[in-house]
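Worksheet: the structure to be examined is printed underneath.
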Amino acid sequence: MSTAIRVLVIHGPNLNLLGSREPEIYGTTTLAEINSTLEEAAVNRGAEVSAFQSNHEGALVDHLQQEAPQAQGILINPGGLTHTSVALRDALVGTDRPVVEVHCSNIFSREEFRHHSYVSGIAVGVVCGFGPRSYTMGLEALLSHLSDSRG
Amino acid sequence: MSTAIRVLVIHGPNLNLLGSREPEIYGTTTLAEINSTLEEAAVNRGAEVSAFQSNHEGALVDHLQQEAPQAQGILINPGGLTHTSVALRDALVGTDRPVVEVHCSNIFSREEFRHHSYVSGIAVGVVCGFGPRSYTMGLEALLSHLSDSRG
Amino acid sequence: MSTAIRVLVIHGPNLNLLGSREPEIYGTTTLAEINSTLEEAAVNRGAEVSAFQSNHEGALVDHLQQEAPQAQGILINPGGLTHTSVALRDALVGTDRPVVEVHCSNIFSREEFRHHSYVSGIAVGVVCGFGPRSYTMGLEALLSHLSDSRG
Amino acid sequence: MSTAIRVLVIHGPNLNLLGSREPEIYGTTTLAEINSTLEEAAVNRGAEVSAFQSNHEGALVDHLQQEAPQAQGILINPGGLTHTSVALRDALVGTDRPVVEVHCSNIFSREEFRHHSYVSGIAVGVVCGFGPRSYTMGLEALLSHLSDSRG
Amino acid sequence: MSTAIRVLVIHGPNLNLLGSREPEIYGTTTLAEINSTLEEAAVNRGAEVSAFQSNHEGALVDHLQQEAPQAQGILINPGGLTHTSVALRDALVGTDRPVVEVHCSNIFSREEFRHHSYVSGIAVGVVCGFGPRSYTMGLEALLSHLSDSRG
Amino acid sequence: MSTAIRVLVIHGPNLNLLGSREPEIYGTTTLAEINSTLEEAAVNRGAEVSAFQSNHEGALVDHLQQEAPQAQGILINPGGLTHTSVALRDALVGTDRPVVEVHCSNIFSREEFRHHSYVSGIAVGVVCGFGPRSYTMGLEALLSHLSDSRG
Amino acid sequence: MSTAIRVLVIHGPNLNLLGSREPEIYGTTTLAEINSTLEEAAVNRGAEVSAFQSNHEGALVDHLQQEAPQAQGILINPGGLTHTSVALRDALVGTDRPVVEVHCSNIFSREEFRHHSYVSGIAVGVVCGFGPRSYTMGLEALLSHLSDSRG
Amino acid sequence: MSTAIRVLVIHGPNLNLLGSREPEIYGTTTLAEINSTLEEAAVNRGAEVSAFQSNHEGALVDHLQQEAPQAQGILINPGGLTHTSVALRDALVGTDRPVVEVHCSNIFSREEFRHHSYVSGIAVGVVCGFGPRSYTMGLEALLSHLSDSRG
Amino acid sequence: MSTAIRVLVIHGPNLNLLGSREPEIYGTTTLAEINSTLEEAAVNRGAEVSAFQSNHEGALVDHLQQEAPQAQGILINPGGLTHTSVALRDALVGTDRPVVEVHCSNIFSREEFRHHSYVSGIAVGVVCGFGPRSYTMGLEALLSHLSDSRG
Amino acid sequence: MSTAIRVLVIHGPNLNLLGSREPEIYGTTTLAEINSTLEEAAVNRGAEVSAFQSNHEGALVDHLQQEAPQAQGILINPGGLTHTSVALRDALVGTDRPVVEVHCSNIFSREEFRHHSYVSGIAVGVVCGFGPRSYTMGLEALLSHLSDSRG
Amino acid sequence: MSTAIRVLVIHGPNLNLLGSREPEIYGTTTLAEINSTLEEAAVNRGAEVSAFQSNHEGALVDHLQQEAPQAQGILINPGGLTHTSVALRDALVGTDRPVVEVHCSNIFSREEFRHHSYVSGIAVGVVCGFGPRSYTMGLEALLSHLSDSRG
Amino acid sequence: MSTAIRVLVIHGPNLNLLGSREPEIYGTTTLAEINSTLEEAAVNRGAEVSAFQSNHEGALVDHLQQEAPQAQGILINPGGLTHTSVALRDALVGTDRPVVEVHCSNIFSREEFRHHSYVSGIAVGVVCGFGPRSYTMGLEALLSHLSDSRG
């Protein structure tokens, strides 16, 4: 229904390969499976998700600009752009929507350059290290955050 | 029952004041309420939690040493020790148990010195910014992690 | 007329939202209005502008490569790419045209990471902090610079 | 009288040895003498002090949590914890009381690592370098600050 | 007329030599010529400027303190003090007037130590790299800023 | 023949302008000439190359994801993305193919920010400074590396 | 009487505006009032003060050189020179007199560049954050320090 | 006999688990065994040791304050406090006794944050990397140092 | 023949052990084999090489001074001196001959201190990571560079 | 005679106290004596010196601007401004005269902040550590440099 | 006997002057005396030592390469090369023998640049600060380490 | 005569090529000419010099150890070792003789890594930038220093 809460799910570069790329770090669940799980989890809470993946920073920014007005919150795994993209950060701030940042791997136990995120500072919260569960955890938290605010 | 999965819930300095200290940052839920919620959540999954709070780094280390052998996982919000305690990190590693780190506030949108955690690098994963929900999210993730490993 | 001086006006990521995104920082003038104003200002000086906006670093580079040979100067607000894009810097240098960098906000009174620009070091000059006026100021300066060189 | 202003005086690690430890740096006045002097100074202004020393970060945090609600201000010499304890800083902020930081020695003419204090940033003011007088100066300033606010 | 907008034009150390000192960097226009041009530009907009140059940080601070109350805005090229003077920054803030910072050369394509300005962070905006035009651009922008505020 | 070793040759932003852009740094050989030379060199060793250039980080990542499974190795000149793209690094690692990094110019005798490469750390080896020859050197080395591994 | 202890009171740049400049940071007491208070406080202890303010680093150095031989101690609020003047530090050391450094505001809760003082390292002690009281506290401490040494 | 040289042996956090915690780093000898060996080694040289372990920084400081006056030297493995505790450093200096610092593991071949010790700078010497032998080596060296000084 | 191009091949410390030292990093080819291969490769192009290895920085500098005048180019693997020797850099610059730097291992995927080379900044180009092939690649590139210049 | 080489001798802040200020660092020779010695040394070489000291950065800049056109070289001991004054550096460069920098003390064996000079980078040469002799050495070197250039 | 364990004892630059150079730091025992003591200590444990000192980095590397194959372990005091020589580190690693690093002085209580050692990270352990005893302690520890491994 | 003051003149790596290597930086005077000039200058003051050049750090250290006891002072141009050799610094300190450091070029106007010298901190003074004159200036200053000390 049109009044359902709608969450944009944004996957950054290389996340389309989830399940096959470096499975020892990212696990074997595919992105399609993650999206299905998120959809289901949203439906269970009377919400809906709209998932989008791109390897293009620009496409992610375009998408956020176009779709955020029809959504109430944003769940994002910015992939490698986490550490390098001010444009993505600006786009997220520009949506004026709460943002939850998730990562499958624990970015703090990997290379030094992965310890800093341009997104964390403007997010509601961050979840990392739990594989595909990071996404569902992030979605649940975002939906709860949104219903708190609506209260 | 004795074969239930048991999780140590560890709260660091000042977290006993949750609900009253700086509510604009940490919210109004008390630590007792958080512990109850965690207990309930654990029971729902056939597990149990054992919560402990201390303002003493040493007491937290003592507790981890004594109780970890009877537990399968550790959920910890190290409070201010997050950023300063190698002893706590060493104690956590010494338990040889999976650790999940949680924070009520989003440490990445606060002072620079809160952006580094001695615990994150040795944790399974990190959850921050969702208020008391960070705890339940962390517990669920830890229990799932443990049942994966048991599988 | 074909012998008119032609200036490329380049707008980086998120600038298409000028006027609506974070108006307390960027003001309420839209990008279309800015482009009109620039056009008019150019015409008044017997010049012309060709404006282009993209959220894609690659599209900005493509555009610079294709259009710069037909232009005499470049006016650019690189948006978030200001602080992160060596590719854009290289493309600008590659045009062998004078570059003027502008920003609506004063990047020096914002977050630390906005204080460094990859473009400034290879620009003729920089204008920032005057809202949409930064653009017209930059254009005027660029046109004057070009007519000096032609002299 | 119960309506007298009450100030917590907090002494961090090793300050119990004042008067005997490294007298060339810290002087020969004992902590007991300092506490007496502070008491007297408080009484002269119709106030009272409650002094506490501990070598335990945790005990200092415990004490602040328990005693601050019955006090109007805090005078603290955090000793070595000055430079290392976020937990103590958090506890001080948590009291929601004005804090004055004092040091007997001039921390800025000693080792580099003593030049940064986790407390200074959240204190009303700082006094250092005047030996035991730093305490009485700090107390006077705190009492004046409190009576200003009461005005 | 007394109700005209009045702008203080402040030139820092060595700018009295504009036109003769290092012309390959700073151009050949003299400071007197720049001041005339600014005066004319101001008059054209029904405003007036009052120019002052000194090689003395203290004299610049004195001047700002004495003259700012009779002016509505400040146009400043702090010269070498840009990178070293907190006192000048403090004086500018103390005027409670909008400040525009200008430089003839592009400070970002020169030595590393010229990339940081103590003034930029408290200015409305910055213009650099356009030679004497930086001044007129800055003045126009300041006057526009002032008439916006007056609205 | 289908069993020939196949190498992806990837050219990053602005390399399509090789031969015309900044010839004093990059030389006068065009990208088409380089690709021809590489093709010939590959054929001489019973291998084949498939060249791709884009100014879009995302297009490079897309291409690597799609084409790497049909290739045995990757020869890349990441252009300006060398110093800024974690997404490209991740895509390269994700191919699970040996990578050789090449640069026409000697990045170590240019600006400081060009001295760090996100690719070098995950490459087999690096060649830089020899103009177009860097490519053929890199290709030969990659083919030798591949035939070593095939042994 | 001529044998009274004499203290130089030195006020750096912009402190002549105390009471009117940025009152939310520096309070509403004027410099004249502060000097009167100091004079009175000195007289009460059989001492005298000689106050001097300048916005000129050089004038402060001149004054210290000329007046210090007739004084026994120095009370200084170096204003913005605190963070930038080695010449002032050298002049203070050159007097061979004990120095007490004071600041009205708490420099440690302001901008990062205000956290370092060139004076602190060579001062007897430092007082900051208590508004005009910082001066009287500093004076009392200096007089006590002087009478200790005389003892 | 009461005139024997007495050495305090201090073990910091987590060292009570020596022999079981991370044996691949710390070996399999228990703390009790180490203490026995030290006792024996001391007796062989007509000296005695008094061992103490705590996970509490404060307890270690308390102990040093109380016991050091009855001892002539201190052998310490500060555990994780090595890298974080100024309070412990201060307590050690406060004893006015020679200190020898030991570590079972080679802290220089582990994480970067273990390469700095607050104790080393005030110790007579440091021994690390030899497992439990580090203790006996340190004790022997301390006893020799003490008998040298006694001469 | 005496008019043949002559290349100095310089091997720094520890490279005499190539083939036996840490073969998992440096491979199993000996230095003698590398020199033979280089000789042959040179002869094939009508050139000649003169190889020299030393563990002594000074001997390498001596050799460069004495032999470079009789040679047209220098191929060098500076070994551990890569990261530490300004004297070697100076000697190379002093020869006024083009220098090619090679490394068997990929220095960018090893310890942080190996990421900086004092030689790279003054070399024509750099080859690393291809084992003994790095040498032949470097030699070919140097010979081509030399024949280009002669052209 | 009017065609004699003329050298400006510039003494920065606090150097008027040479001979009395901190004699253990700066020696006991007075500035007047140094100036006499320099005069004599100049005359011996058919040159003349014109000495100027000020504690005011601005006065030094004024003096350089006014007097440099009548001189051929500049000998300067910038005192504390060495480490802090870009304005002085700019004034020196603006004279377009060779500059020799001297210091009585060895600035490299003093505090860290004295190891960097804004003047050294634009000077012909630097002399430090030889007390008053640093001046005569610097003068001789400057005169020789000037006669070389005249040659 | 030929089957005895043989330890190379390596002394770096300036250690031949032990006993006379800076005795307040290094003590009065000569290197010959140290070598004798080590020999004796080795014989007592059925081992033998072979000592070598050189001021030449290259000679130390040569010696390690030639002698290490006939030895089972290496005891080294690298002197000033500790902090600067990657070549020596590489040579030590190249021996594939356990290394123990010793220093007479406590390098951590001296200049900052002595706090980092290129050897420590690849050593079994480190001993410093105990004068000549550091050597015997290191030898004993190395012999024990070797007999453990043989066990 | 045997009682003449004797100065060791030490030239580091590459200085044997003075006069031919990079003459635009180092001038055209040869080392032999410099040594002659120094000899003559010494004789004129009743002193003598003994010059030594080596490209070997170790040989310089050997020479200092052997010759310094027969000399009263050391004049050194450490060449490239200036910036990298702790061993040379230690050898100089070990001589217990006053050291004067000289450089032909102005090391402060060259690459960043040449701005730090390991020798300056332990030298009497430093002379740089005056070509071969730096040596004679340094020698004169050293001789004067020595005759001062002799008194």
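Just so it is clear, A, B, C, D, E, F, G, H, I, J, K and L label the chains in written order, and each chain counts residues from 1 on its own.
Following the convention adopted for this analysis, a contact is a pair of C-beta atoms (placed from the backbone, for glycine too) under 8 Å apart; a residue touches a chain by one contact, two chains touch by 3 or more.
On a predicted model such as this, the values are computed, not experimentally measured, just so you know.
Looking at the partners of chain E and chain J together, the chains they share are G. Path length between chain G and chain J in the touching-chain graph (shortest route): 1. In summary, no chain was found to touch both chain D and chain G. The equivalent interface to E-J, defined as the listed pair sharing over half of its contact pairs by residue number with it, is G-J out of D-G, H-K or G-J. For the self-contact between chain F and chain I, the two sides draw on mostly identical residue numbers; the shared fraction is above half. For the pair chain C and chain D, the distance between mean C-alpha positions equals 55 Å. We define each chain's centre as the mean of its Cα atoms; on that basis chain B and chain H are separated by 32 Å. In whole angstrom, the spacing between the mean C-alpha positions of chain J and chain L is 24.
The set of chain H residues that touch two or more partner chains comprises 56-59, 84. A list of each chain pair in contact follows: A-B, A-C, A-F, B-D, B-H, C-E, C-F, D-G, D-H, E-G, E-J, F-I, G-J, H-K, I-K, I-L, J-L, K-L.
Considering their complex, residues 56-59, 61-62, 65, 84-91, 93-94, 118 of chain H touch chain D. Against chain E, the residues of chain C that register as touching in their complex are 106, 108-109, 115-117, 120-130, 133-134, 137, 140-141, 144-145. The part of chain H that touches chain B in the complex is made up of residues 12-14, 16-17, 21-22, 54-59, 79-84, 113-114.
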